[in-house]
Amino acid sequence: MAILEVQNLTKKFGGLTALNDVSFKVGEGQIHGLIGPNGAGKSTMFKNIAGFYTPTRGDILFEGKSITGQTPSRISMSGIVRTFQETTLFQEMTVFENVLVGTHNRSRTNIFSAIIGLDRLIQQQARTSAMQALEFMGLEDRKHQLASELPLGSQRALAIAIALVSKPKLMLMDEPFAGMNPEETRGMMQLTRKVRESGVTIVLVEHDMKAVMGLCDQLTVLNFGTLLAGGSPEQVRNNPDVINAYLGGSHQV
Amino acid sequence: MELFLQSIVNGTIQSGFFALAAVGLVLIFGVMGVVNFAHGELVMVGAYTVWFLHAQHNTPFLITIVIAISLVTVIGMLMEKFLFRPMRDDPLGGLICSIGVLFILQVAATLVGGDGPSKQVPPPFEGTMVLFDFLRIPYQRLFSIAVSIAALGLLWHFLTHTKLGWALRAVSQDREAASLQGINSNRISMIAIAVGAAMAGLAGALMAPLTNINPHMGHNVIITAFIVTIVGGVGSLSGAVIASVLYALYHTFVTTYFNGTVATISGLLIMVLVLIIRPTGIMGHRVSE
Amino acid sequence: MPGTVIRKTVAIGILFIALAILPHFLKYHHQDFLIFLVINVLVVVSYRLVTLTGEWSLIHAVMMGVGAYGSALLSKQAGLSFWISFPLAGGIAAIVAALLCFPLFRMTQFYFLIGSFAAGEAIRLSWIHFIKPFGGTSGISAIPSPELLDIDFLEPIPYFYLVLIIVTICLFLLFRIEKSRIGLTLHAVHWKASLAESIGVNTWNYRSLAFITGSFFVGLAGALKVHYIGTVTPKQFDIGFMVFILIWVIVGGYRTFYGAILGAVVLSVLDEMFREFNELRPAIYGAILIFSILYLPAGLESLPQRLKRVFGRKDRQMERT
Amino acid sequence: MATHTQHPARRKFLKKAAAGTVAATTASVFPNIVLSANKTLTVGMNIPMTGDYAPWGLPGLYGCEIIANNINKEGGVTIGGETYDIKVASYDHGYDTEKALQGFKKLVLEDDASMIMMLGGSTVAAVLPWATRKKVLTTTLLPSDITPDSNYLVATCESHPLYNVTGVEWLARNFPDVKSAAIVTNNDAEYGLQSAATYQAAFEVAGIDVIDTHLHGFDVTDFAPIVSSVLAKNPDVFCMATSFYVTPIMEQLYHQGYKGKIISCTLDYYDEIIAKTSKEFVNGTIFQFPDFDDPKLQEAGVNFPDPAGFDAAFRKDHPNDWSAVAWEYPAILLNWLDAAKAAGSADSESVAATLKANKQEFVFGGGDWWGSQLWGLDNALVGRWPIVVIEDGKARIQEYGDVAGWLSNNKDVLVKHMKDLGLRTV
């Protein structure tokens, strides 16, 4: 059954049409790749799903319910979480605090119980799940370091840990492999598989074809804001439209 | 009907001072990204210079205007060199430094002019021009609005037709992008504050014969300049000028037909309203995050 | 690390006791100075809460005035005792803050700074404009002081203890809020609002929560002030006072909880020490401001670490030799 | 009330800066009081010396220092068999209620001042509860500060704004064709509104119809709009009720071609107004504050020692600082000294009792206690008050009006107008 369904989504910025009538489905438990040359509308689609943009036309269904036009915080309540293209962290806070904030949806409290300490139990659970997420991503020994002091790979891992700790059903990953050397890419691919095995469906926006072809179960190819092709990596690799769209571009297939 | 036309005249004349002060504030904030809380005091120093040299020591009025402008410009440049430049990456620190200067300039004014009631400057241009036998415009006010328009025109020409002017506007649009193209931001900031301070000095000099001069006159100037800068849109000089004229006319009409405090309260509420509808002001662009 | 926790509580305990016996050694009128200083500490710490999300508001002084006028009117017109009008004063300030959330929180950064100033000034000018019930520029006077058993709260020492107890409780609550989950989320909104939003934090609610709670506590401070002086006027809460709050918080340093307190105490004492210079006093104050910002960019709060580093280096050298 | 804006020979700011550094080094609070072997009697001045209200505080300090020096030079004052030198202790509260309370307690408890002179308004309201309990004799320039239980608060000189009634009464008597009046003043409750209510009452009694009362805030930079709107109703007399902005308003009246009568509470720096407008325009303006070298002031019936001498001494030391309060605080000080001499002690309770028991000599003559009908206690001293008119560019006293007489006949009209403007009445 499709956990996420995009129906005839169109997005206009003034006169410019960034997305034109795009539809696709994402199967539960899969890693679904969203690829296409630069300016194809990948991150616009991404931001529409995450609620940072409101679609001009069309609908987005998550587990059958429409989440079109909801605010990012409400969308995250229903179990969709995203990571950011440029590494986005709470730079002046410690690694542990970064992840602890991620448990927000599961440990909501109000100001009175916070003062009196009525929420001590929920906060304790939040701290343990934060520690588990750190161990899961292998960051537990950097617990007291400031996020800004971490190397690139650990910063990317921390970003995923923050998303993961809120126990989402669907994680939108925005170019997690950008700027990584082959050795770091391998590590990140392994991490992504681990996340998927923990039961989280992943939608991956990425340029690194080697990572995409190695990781994804299904692919959706966008070009100039329209749906070019869909299907398994093999089908897409041999699809003539994709080949000349990419050959026209500078990427090796 | 006469009152209506007279109010238009009164409002236009007042818009001259608002525009000069607001344009200076916008230029300094736009280019350097720091709120100069002492901007009202720069106007006050301009007025005190004219009072001290012209009223007390009989220096010719036009010469005192030039001296006032240059003195205030020097103060502005000193502020940039010793205060704003070290605080380049900390706008809040810059704000606090400008508050420090505010206190120092006010005390300097009490030392120069004593603590007695407000100072007065006899207007150099005597008499009043009467149009259609009811519209009365004192020559001194005619002079002030003429010089204001001329100064704003000069500034507009400078910003649109000179290389330096282009650089100033580029930096005020996007400071990082401008520095990428090799524009030396320190030099540009020095020019921006020099021009902004000169405008403030001129506003003070022109206001001197027309208003009470005391160490605290800067307070009203800064409030009006903030309102005009916001309504006009931060970083947009043309917005500031348009907003100055609109606010001056509005404030004049409400003061004439209702009451001064109502004018100020409603002016402030309109400003909040504008910010709700267009959080970047009429002409402004979103200040980069 | 219970060690540091114990050391910290002991330090606070000693400070509290010292503060409690201090007034007996002070000259009479300096006791008043101490009362207003402790009240101003509550003002700066409540301002810290408002600015936790990174938005600098210029309405805080007027919010203190809203609490002050609220308590004055309740105790004079409605005849309520201090013990009822005082908490209500905080409530009134919180309600006014809540009403202002919609217009103000559509703005950010520089616009919020000036927008909050405009809203505050409009409220303050309405106190001047409406003679009934606010009393115009001369405001409201003869506000009754608190009654409890037969303690004479017109005298500085009893009122000082009342203020000390109330402010200490408020500081404890504010400290708890900042160290609680709410505080963590406010910091997150400050450092990266978009990331916080994406993991479920409704940034608008949290900015409003900080603003309303901060206004509640500063409303209490307003009531505490006017029930001692007995008179409330618009001039007490004008931009002049707001500038001082801003100075205390920024010069004191806004990274730690005690930074703002340090700023308020040190700068107020310095200002009082230069009293003999009369008209020159504001200039000296201005010079101190510029000096502290240029040579202590991280604020007075950074002094302890900086001193530790200086002394620390000496200890380490001693260990090595 | 005028200052001759001759160019000060000495560089004003050098002298001021030097005085500042001297104050800094010696850190003494009363830099220029001449002291001798006698015991000292301290009087306190809790006044604004910095900020917007400095012109209503600092000149008064300078005036009192001159009076104190004169007394001390003549060997001091004998009270109850003891001879004292007068010492003036001052505290700058900058019109801030917190500082006013602190300053009041410091002057009473540390400088042991026998009485405290204050300006009035919210700073007096802030000290009243403590002052009443500690029985400290306090003086104010605003009788509207008096409350039903402020037994130790008296307004013995400027009973602002009651004296304004004399100007209106003189105007009506000498210019019967004046039928309509417009009032402009600031919207502050302490000075502007009190004065507006008094003028409205005086105009009503004099049969002059008040066609417009325009109140403005302190943020006005240009008075053209206000004056235009008032002149559009073309009043016969334009009244400035204690406006802090007399000069810019007069300038606007001149430029907008106003030809009618002008009456004002004060006309500070009137020669500067003449410089900004013209002598013909300012001639005929009626107001209430005489020059202290006015010949009519040197005549008998005025209870102020050598006004012309005081005026000359003040202008020598402080050429730019003369304002209405420059002679008012000294008049209050002198009145208090007389009461202390009569009571035989400087203690507040006995001085207060003597003030109320003995017939007081008001500074311009006469002297009745008034105020219970309006503020709940007869603690405001009223008497004769000069009506001053500009003649050929100089302020000249025309005659002395009778404030007490007017009040006894028309107090209900005054109370009505005070209530209309929302001002506190008993």
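To keep things simple, chains are lettered A, B, C and D as they appear, and every chain counts its residues starting from 1.
Everything below uses one rule, namely that contacts are C-beta pairs under 8 Å (C-beta built on N, C-alpha and C of every residue); 3 or more make two chains touch, one makes a residue touch a chain.
Nothing here was measured: the structure is a model prediction, and the numbers come from that model.
In terms of Cα centroid distance from the overall Cα mean, chain C ranks first. Comparing chain pairs B-D and C-D by the number of C-beta pairs in contact, the larger count belongs to B-D. Among the other chains, A has the CA centre that is most remote from the centre of chain B. Per-chain CA centroids place chain C at a distance of 38 Å from chain D.
For this pair, chain B with chain C, the centres built from the Cα atoms lie 32 Å apart.
With centres set at the average Cα position, the gap from chain A to chain B is 50 Å. Touching of two or more other chains is recorded for residues 20, 49-50, 54, 187, 217 of chain D.
Under the contact definition stated at the top, the residues of chain B that touch 2 or more other chains are 110-111, 115, 219, 223, 261, 264.
Annotation for chain C: residues touching 2 or more other chains are 125, 128-129, 279-280, 282.
Under the stated contact rule, the graph of chain-to-chain touches falls outside the line, ring, star and complete shapes.
Pairs of chains in mutual contact: A-C, B-C, B-D, C-D. Partner chain A is touched in their complex by these residues of chain C: 173, 176-177, 180-182, 184-185, 187-188, 191-192, 194-203, 209, 213. On the chain A side of its complex with chain C, the touching residues are 50, 52, 71-73, 76-77, 81-82, 84, 88-93, 97, 100-102, 104-105, 107, 109, 111, 114-115, 119, 123, 126, 162-163, 166.
Looking at the complex, you find that chain B touches chain C at residues 29, 35, 37, 83, 86-87, 90, 92-93, 95-97, 99-104, 106-108, 110-111, 115, 219, 223, 226-227, 229-230, 234, 261-262, 264-265, 268-269, 271-273, 275-276, 279-281, 287.
If you check the complex, the residues on chain C that touch chain D are 27-30, 32-33, 36, 125, 128-129, 131-132, 135-139, 141-142, 145, 154, 225, 229-231, 233, 235-236, 275-282. Considering their complex, residues 3, 5, 7-8, 12-13, 16-17, 20, 49-52, 54-55, 58-59, 187, 214-217, 219-222, 224-226, 228-229, 232, 245, 247-248, 251, 255-257, 268-269, 272-273, 275-276, 318, 320-323 of chain D touch chain B.
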